[in-house]
Amino acid sequence: MNQIILMKDIRLMLKDLKFQIFFLILVALFILSAISSAVTYHSHNDEYQADLNRFNELVSNENYTKLANLINHRRLNVLSQPSPAILFSSYSSFPDKINSRVIFYSPTLDKYGQSGNGVFRLNWFFILGILTGFIMLVMSFETISQEKRSGTLRLMSVYGFKRQKILWIKYISYMLLYLIIIIPPALASMILFFALTGTWSAVFMWKFLLILLISIPFASFFVWLGIFISMGKNYRNAIVMIVFIWLFFVIIVPQSASIFGKQLSPIKTTTEYRQARSSAFWDEFQAWNEREDDRAGSNTPENLEIRAAAYHTSEEKRDVVVQKEVEDYMRQTMMIQKIASISPFAQFEMISEIVFDKGLYMLNYMQDTTKRSVNQITNLMIEQDSRDENSMHLFYGWAEMDSNVLSFFYGSDKVAFSHELFEQPNLLFVTEIETDDAWGKMVKIMMRLLPILILNLVLMAGAVVKFERLDIR
Amino acid sequence: MLKSLLEHELNNLLKSKRIYTTVIMFLLLFVSIFVVRVIDYQKQVNQYIDDVLQNEEGLRSAENYSFINPRAIQQPIVFSIYNDGFKIPRVLNIQYYEPIIYAESLNEEDNIFFIDNNQLDITFLITFFLSLFILLISYDSVNGEKRVGTLRILMTYPLKRQTFILKKMFGVFFFVAITFTIPYVISFVSIIYMFVNILSINFLLSAFFYWLLTMLFILFFSLLGIFISCCSTNPNRSLVYSLLVWILFRIVLPISWDYIIYPRLYDEQVLHLRTIQGDKQYEKTRVEFDVNPHWSGNFIQYSGEGFYNSWVFAFKETMDGRDQLLRYMYDEVYPLTFEVEQARDDVIRYLINTENVKNWVFFFNPIVLFNNLSMKITGNSRGDYLRFLHSARELRNELVSLGIEEGWLLDYRFNAYVPEKYNVLDYDVLYEQVEGDYERMGEFVHEFIGDDRYEMRLPVFRRYEQPIYSFGEIFERIFVYLVLFVVSIVVLWVMTWRKFLKYDVR
Amino acid sequence: MLKIVELCKTYEDGILALHNVCIDIVKGQIFALLGANGAGKSTTINIICGFIPASDGDIWVDDISLKDNPRLMRSKIAYLSENVMLYDNFTGYQNLKFFADISHSEKRKLEKGNISENMEKSLSQKEYLTQILRDVGLQDDFIHVNISKYSKGMRQKVGIAIALVKDAPLLLLDEPFSGLDPKAAYDFQKLLYKLRNEGKTILMSTHDIFRAKEMADIICIMKEGEVVMTKTRDELESEDLNKIYLDYIEGRVAPMPLNMPSISNFVVR
């Protein structure tokens, strides 16, 4: 019985011209997205390889890896590998293509983790997150009213089964339809992408399948919405409204999130931050000067230790300010994200960030990893430096500058910082960043999925109640 | 006859509930986007005033030429309310031996973790929403009448079919045109009221052309909606068709250009031009680099890339060598900046060219056309960016010739001021230490040198202002594409008309 | 067979649609409901079908009460609406097959496996359904054509075929003759006679007084939600139904008393 109605519903939809058009469009878009992502992947990969070669070259160069010179470079290079995740979304900045440099002494202020709204790019996010919601809505917005108009709803309800059943079966058939229109082209797109880029990896296959699975509750939300509308009298007016609601969530909410987020959680201008940083440093430095009779400011050999210590503490002071600045940025970004998460599309994007290790989700891990690496490198350098008898162990920012003075007065035997080679040059660039394990990710994904599941339930309950009361005369 | 039909058509439209939904949505969006943009513009103006004050304050308080930091600062374009366009950074730091090729933003809030690709402006509203509105109110204009049965009755009257289509089109067109024009004029007047000194012939012309373009846009989409309505007898189906056409026009076609066609056609050439530019820049750096050891013969230590400090010390030692170097720099390096700038201009011109090609390719897609043309009208295009760069270069050249004339250009202070031209990495180090504070950098150098040989006489600095376009200039910019626009409308009109001639009215 | 007792219906907006309607139909009868538009004919049928709930009163079909077991009762009725539209994208055959399938599986479920012996046992389902479509008079050329190309009469035929396939003892027809051409109406009438002879009970609402007089065993006139007259064919034999109808509708005759004994007592056929 259920099966019969289900088969009827599915056959009806398959015969629907709308379905056929949408299916063709989806096939075309999926294939196009595979091709365009493959093109982007190749160019990113080329750049990545070039960067990698350059760093390998640098690291093999003795001049670069001398401890004394490393203080000058003071760079931790964070490279991120291009990954097949680009098929899902092109994540405009991070970390498909990034080469950020983390300065040993300063807290990291390079741009390395950004969350943008990549709505109108041709990739899976556009198809799964934006378009299918719209398609399911357009497919289902007249389903009940059509049955009502053709009189078949009345005919069906004189058979002795619960009326609800019609609704449930409609829902199930739409969800099956969703799978029919999504899974074959998606798989084709995935295989095509893997073939074009030559990057077959089982992990990413599972990730893509997982994201297909995750898209189901989102599609279901729109199916319920469509069914709900189709029960109204003025359903064509309703679909106009719904198109606007769709646009509202896709465009207006994410776009205005940044505007409101900036209002609610303001940051200062670049100049103000720059001045704050500068004055934090110079105030401390001046304090040293006053305390030490201007000895911190002059670079005679006698004052070298004091001078170095003054710089050291001044930089620490500045670090505190910079840290606050970073917190400001983070707070604002999180606020923007929070506002944007009203939209189910943004929710979907955030979940995808967890799945593919991208965007803001990655930002915290990125900071942790780089901080850890920087500490590790610094400790190693100090340790190595302390083994060198000639080194005066002036391991702070301006030591190298003072080393000129030092050698001017003492000749070249004494150095500010050891000229030995750094033992583990491979630490100087990071290509992989650890994130949560599978379980941790699952929990986070479930937490993000919860609102959309609740919305589903609410709409479902609404639709069932409305259908029970529906006047089908 | 036509008049009464038109009247009837408008009355008919006004009776439909859908119209009220769309109009209310449109007005709400218009108002909210307008308010957001005005607030944003106000912020830009404030930043601009800050920048200008800061610049002038810097110039006033400078003790010698090391401390001055002339900038070309562009007034924010009021039409960014209507079209944000190609976002032009507003501040250009003028540094004497550096090519002026990139502008930067100065007093702005810049969240490093968040790219703000906000494109909410009135153009977005028009290309995104208004196009959809028109399709949504016109998708059933013909087959809806057929379904109700009034089409058959109408066809029994002595009425040409063209006239019928014409009144349908004008019905939709007038309605949407009025819906757009009223808030547009109000917004326009309120801008004049809010930003008092904004009113200029430039502004009025831009506003007029923008309006004209929108009218053409509305005309095209009204015709498109009626065409779609003629293609199917079922209103539900034509609703789906019009949504699909909209997706095609607004999303699929522009995306396919940006991500599929464009990279194939132009990526290689753009990369080539950029490489030329990079090579020139490198060449210029090498000249400076090579020349260094000659004059700073008594370097205390030359350690890898960190020789800013060495250089500072070198100042004290060899004043003569330094003078030679400065002369050399002026004769050899300064001309190279022109070559770099030329290479950069080539890149920008090429990009402008590709945009024009896009207009030609998508002459049938008014969304693409409208986007590009409105950028040109409102002065937010890449071409205007180029104009800004040129203007800043003119200012720089004037300054250089003034410096040569007065003798301060070939003084050390100038060079201490722009140390990054020697080495990029080294510049970064210095920049971090003084937190990008050029005054500090100057002080720092001054600390070692401490000498005031010249009396400070500031040259007259100008602010960069948006040039005023003549009617002819705007017309020249957009004329060809306007013709394309009109041609596509005529073609669509003929298609619709012929389609309706064969339409089965039973 | 069908017994309606003191059926009342008041809509949410306070309009009294039915007031104490009592109808009793014996198996194998054709029962015609006459009345002006808005008299409550369709409301009665809608309530029997379960499309709208009754405010008061009850309905029995084969001693199964609507109140006690609505689902079982519904399986006893087949319904044909005034405007049969059906699924546009399906052919007549596909439409019929769908409804045949759900009625069979439903029967299986209700009777827990005891499928009554059917004609189709000997025939395959396809032949059986095609046969039914032929029986109701649908041309062979049209059986596998999309419903959207059908005329109203043809759709009506598919509708009645659906009702037949359901194999329910009671047929509810809502204005079945409206919009049919004379030939189609005649064919349909013959079909209904045939069904009556097979033992089906038919309740139809109609505006067609002459056809009602010709066909119906009992005729009932409704006015403003009340039954104002119920007469058998024999009683009306010599009378002018048209005049009676107009008299009742225009209020020239007082309604028949409501608290009459069960009319089945004096109905002889």
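When the chains are written out, they are named A, B and C in that same order, and each has its own residue count from 1.
Quick note on the criterion: a contact is a pair of C-beta atoms (placed from the backbone, for glycine too) under 8 Å apart; a residue touches a chain by one contact, two chains touch by 3 or more.
None of the values given here were measured: they were computed from a predicted structure.
For subunit A, the chain whose average C-alpha position is most distant is C. With centres computed from CA atoms alone, A is the chain lying nearest the middle of all the protein shown.
Centroid to centroid, with C-alpha atoms defining each point, subunit A and subunit C lie 64 Å apart.
Inter-chain centre distance (subunit B to subunit C, centres taken as mean C-alpha positions): 72 Å.
As a whole-number value, the distance joining the C-alpha centres of subunit A and subunit B reads 27 Å. With touch defined as above, subunit A holds no residue shared between interfaces to two or more other chains. Of all the residues in subunit C, the ones that touch subunit A in their complex are 42, 46, 49-52, 71-75, 77-79, 81, 83-90, 94, 98-99, 101-103, 105-106, 109-110, 159, 162, 166, 172. Residues of subunit A that touch subunit C in their complex: 1, 4-5, 8, 11-12, 15-16, 149-152, 154-162, 471-473. Residues of subunit A touching subunit B in their complex: 17-18, 21, 25, 29, 32, 35-36, 39-40, 63, 68-69, 72-74, 92-93, 103, 106, 109-111, 113-117, 120-122, 131, 134, 138, 142, 234, 236-237, 239-241, 243-244, 247, 251-252, 255-256, 258-259, 262, 266-271, 274-275, 277-278, 281-282, 329-330, 332-333, 336, 360, 363, 397-398, 400-401, 403-404, 407-408.
Against subunit A, the residues of subunit B that register as touching in their complex are 17-18, 21-22, 25, 29, 32, 36, 40, 47, 50, 54, 105-120, 128-129, 132, 136, 235-237, 239-240, 243-244, 247, 251-252, 254-256, 259-260, 263, 300-301, 303-306, 309-310, 313, 425, 429, 432-437, 440.
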